[in-house]
Amino acid sequence: MIRVGIVGGTGYTGVELLRLLAVHPEVELVAITSRSEAGTPVAELFPNLRGHVDLAFTEPELGTLQDCDLVFFATPNGIAMGMVPELLARGVRVIDLAADFRLRDPALWEQWYGMAHACPDVLAEAVYGLPEVNRGAIREARLVANPGCYPTAVQLGFLPLVEAGLVDTGRLIADTKSGASGAGRKAVVGNLLAEAGESFKAYGVAGHRHQPEIRQGLERVVEGPVGLTFVPHLVPMSRGIHATLYAELRSDEADLQALFERRFAGEPFVDVLPAGAMPETRSVRGANVCRIAVHRPLGARTVVVLSVIDNLVKGASGQAVQNMNIMFGFEEQAGLGAIALIP
Amino acid sequence: MIRVGIVGGTGYTGVELLRLLAVHPEVELVAITSRSEAGTPVAELFPNLRGHVDLAFTEPELGTLQDCDLVFFATPNGIAMGMVPELLARGVRVIDLAADFRLRDPALWEQWYGMAHACPDVLAEAVYGLPEVNRGAIREARLVANPGCYPTAVQLGFLPLVEAGLVDTGRLIADTKSGASGAGRKAVVGNLLAEAGESFKAYGVAGHRHQPEIRQGLERVVEGPVGLTFVPHLVPMSRGIHATLYAELRSDEADLQALFERRFAGEPFVDVLPAGAMPETRSVRGANVCRIAVHRPLGARTVVVLSVIDNLVKGASGQAVQNMNIMFGFEEQAGLGAIALIP
Amino acid sequence: MIRVGIVGGTGYTGVELLRLLAVHPEVELVAITSRSEAGTPVAELFPNLRGHVDLAFTEPELGTLQDCDLVFFATPNGIAMGMVPELLARGVRVIDLAADFRLRDPALWEQWYGMAHACPDVLAEAVYGLPEVNRGAIREARLVANPGCYPTAVQLGFLPLVEAGLVDTGRLIADTKSGASGAGRKAVVGNLLAEAGESFKAYGVAGHRHQPEIRQGLERVVEGPVGLTFVPHLVPMSRGIHATLYAELRSDEADLQALFERRFAGEPFVDVLPAGAMPETRSVRGANVCRIAVHRPLGARTVVVLSVIDNLVKGASGQAVQNMNIMFGFEEQAGLGAIALIP
Amino acid sequence: MIRVGIVGGTGYTGVELLRLLAVHPEVELVAITSRSEAGTPVAELFPNLRGHVDLAFTEPELGTLQDCDLVFFATPNGIAMGMVPELLARGVRVIDLAADFRLRDPALWEQWYGMAHACPDVLAEAVYGLPEVNRGAIREARLVANPGCYPTAVQLGFLPLVEAGLVDTGRLIADTKSGASGAGRKAVVGNLLAEAGESFKAYGVAGHRHQPEIRQGLERVVEGPVGLTFVPHLVPMSRGIHATLYAELRSDEADLQALFERRFAGEPFVDVLPAGAMPETRSVRGANVCRIAVHRPLGARTVVVLSVIDNLVKGASGQAVQNMNIMFGFEEQAGLGAIALIP
């Protein structure tokens, strides 16, 4: 049993962490903080937790958090970087579900997030928490930067092709679609049911923060620049990400199905579908799994990869728990055995 | 560990049973049958089960089923009654999720289901599987008739009032709303997304089969006739039932909140919300729980009870697993600990 | 052609007025105001209006509005009452889509709306704009209080029964369901797609402002007190209201179908469905019509009326245009001929 | 006034034609046929038409249809080609909303539609009914092949780039998304609300019939082969198509915004959005318009075009009415003036 705290528990990644950790066999939840809701029982805000989580929200105070073995940050971007150095100094390990430690280059971070980084020196130490790439480093990490939701779905889909050097990495295309919970639990007109329901649209076409994160991940593999067009869309549903990925094959010879199956053999949370299958987001609803299919429509040179995750599970809180399991030597699937909800 | 079979596994209650039983600590799944899909791996039809259920559908044969300790019927109405006597004779216990054994009066059954009952003699032995009413009898039962989805939500909501004799049982009203999975996994034009989406309607106003089932349950308590108006509606969502119940108080004096809390104290799967709260169906999505609130709008004599369940869990397969746990002496919450999915 | 202004055009009733008025043969739109969006072209906020409405939002100024023949208020409650007296004094007729002039009793208004009424003297003059009840008075009115959405659906459904004295008016029940646009275009967490989607709940059970409005309308008919339990619910869709109404028949003898058909014969915007039918909200999506069906389930004494409208059309802006047509002697159906969108 | 018949009126394109034609100033509806529903009043199947369309479905008989000036086929693929030659021979003009006359090459048609073409000789005469390309030919046509829904959205989006020779036409990508009504009004399990709701998936990745149709249209412009990857997806909503198009610029110099605005200047039903805008499908819900935006994310060489239509209007029945207007010399906008429904 480890002692765990959550900073910023009123958003969707916060409640999802609680849902997962409340039934985790190795975790004792000791604190969940929220400035705005301090004093409110968690289960009052999130009635699904009634009978499962007895905690009330508290002010985010170092005094409480420093007694934890692990602290999750489920805060808006820019909060974690102000508290993480002190926690690390007190021997508390950290998983940040926000973007503060995802980009290694502080200048790039500033450019995309519009603020100076509060602890650029800590950036170098942060481990990017995509277990399928970094499992070893995660095991030893004091600080894990949990990947973004789109970057998880997109990188897992591109990785086999890029690692094998099979595709032109100068012109990758990621056409991605997300349910509305990806925008967070903020009162914004555009995300009202009466605005976003029964409609579909692209957003952030001019530039989205997940683009440099994905590029960084793929460039690490290629050891050179990668060209990536990234277009996100809003789907009228609550949960789920579907990434449709396009890449140009350099040669005709690869057995793509075998390549993908080999790459993810043994991965507990990546499921390569049989040839010809097409994943649906509901097949991962509530579950910590990425389902992937690879296609070559009409036998042409353009590979199409379909990759689905639940943006709040494998795209956020589930992956964070997976990282925790790795960091503390628990069974990697501990607390993550739930099956997706169909229908 | 008990050996469990499922007859009729291609509908929504079937896949939901699989989702729950696949992670149940006391259950070995030995057979799942489907005439139409015999030979197909279950996980091909329901990709959420990939990696969790390795079985393929088989023909429904007595030879296989008789080796089970328990057989669930997740079949259309009228199938179970043809096989149950033989299974009971061979010592197999049965939980029927369809309606074959819900009504005690074979004539009433014929009237509402339009066919003669195949084994009216077995009806007397069947135990109506609402644990909050029948826990003792369920424990000993060879044959449990799992309640309908609406009847579960409606009876749990009315029971405290009716048992306490507080309301006029001559004019109860149940205005109920269900997500589309309640109609089953049948190809019907009216349940297409393009028909039932972004719309709301009543159906079955002239008479719905769940009306006599609810009436029977309440009349058992009252020991006399009950007048019930039951109007179901279709909500443009997949899962969830919301029952809004109206009853006329006989006197002004009851503390309804205390009454409800007392009635369900100790019930692991009924959650009485605090005074003033209003439950939402998503607070029980995927979870085996009924959340209930009781109101007296503007202080008038009309009590309003709000009762929500997931129609596929507490309204069907979850309740069936709860009944199994009771029948076999397992912990009642075994395999039913998952927390509802919000958002 | 009359000159028309709209005060408060950024909400859903505002854009819906624009959609209807932009193609109305007798209307010249001269101003649409919004303090927050002054200067913004209307079609920038509502791209469906591109190519149809060239106006930009302006500050709400008497100087502009006094040149109109008619001003619609599509503002939050409490705004219209501050400007209406001056407009009336200048000979401008007014239709208020908010609640400022709906309740005749200023004390009742204060109690439910939490503020003193700014012009209680004008209340007496205001005509409640339900054409099926008040057509004559609307024709002559300087000031029309456009009914609320729920009150439109509920009153039209109860009226035939109450006018004919057929039911016990001491215990009427209105179980009502609305799409999310009924809550307006305000940034509120509870109305986010990720909150209100794929879920169903009751709200305002303790008391909703439309209860006294409906009661007032029915009491005018009965000439005495009416008992009404009113429970609204939120449906995961954008548009549409479904009212399910329950009343106890005083005698067994009425031909309810004939009663309803007779009551609404000649009404251009009320459609009584054939016996046995059940209306769906999509059958009125975008159209200024109320479709009604009347049932007696299982032949019991409880009548069930099903009444559907589009909350933004017959429940708000369409009805406002209908009132305008009546006030100015246009054909009552002018500009309101569009057919509902199925699917 | 012309006399119009509709063959096959029970699907979504049929009811949408009725919705549009019932209020068209130049049209007299004389027959609507359906073998399965012969005798049923149209408004019984589609209650939105109550009070607007008095016809009942009839058997599809040449005797009735030959008296029409124009017959629309809203039938499944393969029906129109069996009746069209006879109608043409009798001087009746035809607009086919199915695919029978969309592909000029009968061998290609056979390959994709799996049946021999019944009248390959008529194919040469058929005019592809995309007015923005073929207005002149449509005017004179006896037989118009109304484009598919995806092909309309995709071709309108690619045309300016391809006509100007600005992009590499060897590797075009169309990532397209459609609401569920695109699959038609057929009872299919996969399109149930409980299957397709709250989920997102690709389908037809291996090859979709709209791919050759789009390719044919673009190859006509290029006068050479075009490489096109086409991936359709199912969105959990009823109506709307969103096409996200990717193409590689050959040079850096074009002013794409000006190009698109110039190309569609004067087109009554194509709306090029201002630079930076992103269209949403609801902005065209129920309206005969295609809204388009053109982007160059991060200044790279990949152009991204966003194109939205209502699949049943500009993608089917609205475009058919537009074609009718052109064929018979009516004002092109006649009967098509309705504004899209927001929200």
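Labels for the chains are A, B, C and D, by order of writing; each one numbers its residues from 1.
Keep this in mind: a residue touches a chain if its C-beta (ideal position, glycine included) is under 8 Å from a C-beta of that chain, and two chains touch if they have at least 3 such contacts.
Bear in mind the structure is a predicted one, so any value in this text is a computation, not a measurement.
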- Message: From the centre of chain B, which other chain's Cα mean sits the farthest off?
- Response: D
- Query: When the contacting C-beta pairs are counted for B-C and for B-D, which pair yields the higher total?
  - Reply: B-C
- Query: Could you state the distance in Å from the CA-based centre of chain A to that of chain B?
  - Reply: 36
- Message: Roughly how far is chain B from chain C, centre to centre by C-alpha average, rounded to an integer in Å?
- Response: 39
- Item | Separation of chain B from chain D, taking each centre as the mean of its C-alpha atoms, in whole Å | 45
- Per-residue multi-chain contacts in chain A, two or more chains: 12, 179, 181, 185, 194-195, 197-198, 236-239, 279-280, 282, 285, 343
- Interfacial residue positions of chain D with respect to chain C in the complex: 12, 15, 19, 22-23, 46-52, 181, 185, 197-198, 238-239, 271, 273, 277, 279-280, 282-287, 289, 291, 312, 337-343
- Query: Considering the complex alone, what residue numbers of chain C touch chain A?
  - Reply: 12, 179-181, 183, 185-189, 191-198, 236-239
- Note on the structure: In the complex, the residues of chain A that touch chain D are 171, 173, 175, 177, 179, 194-195, 197-203, 205-207, 211, 227, 229-231, 233, 235-240, 242, 244, 246, 248, 276, 278-282, 285, 295, 297-298, 300-302, 304, 306, 308, 343
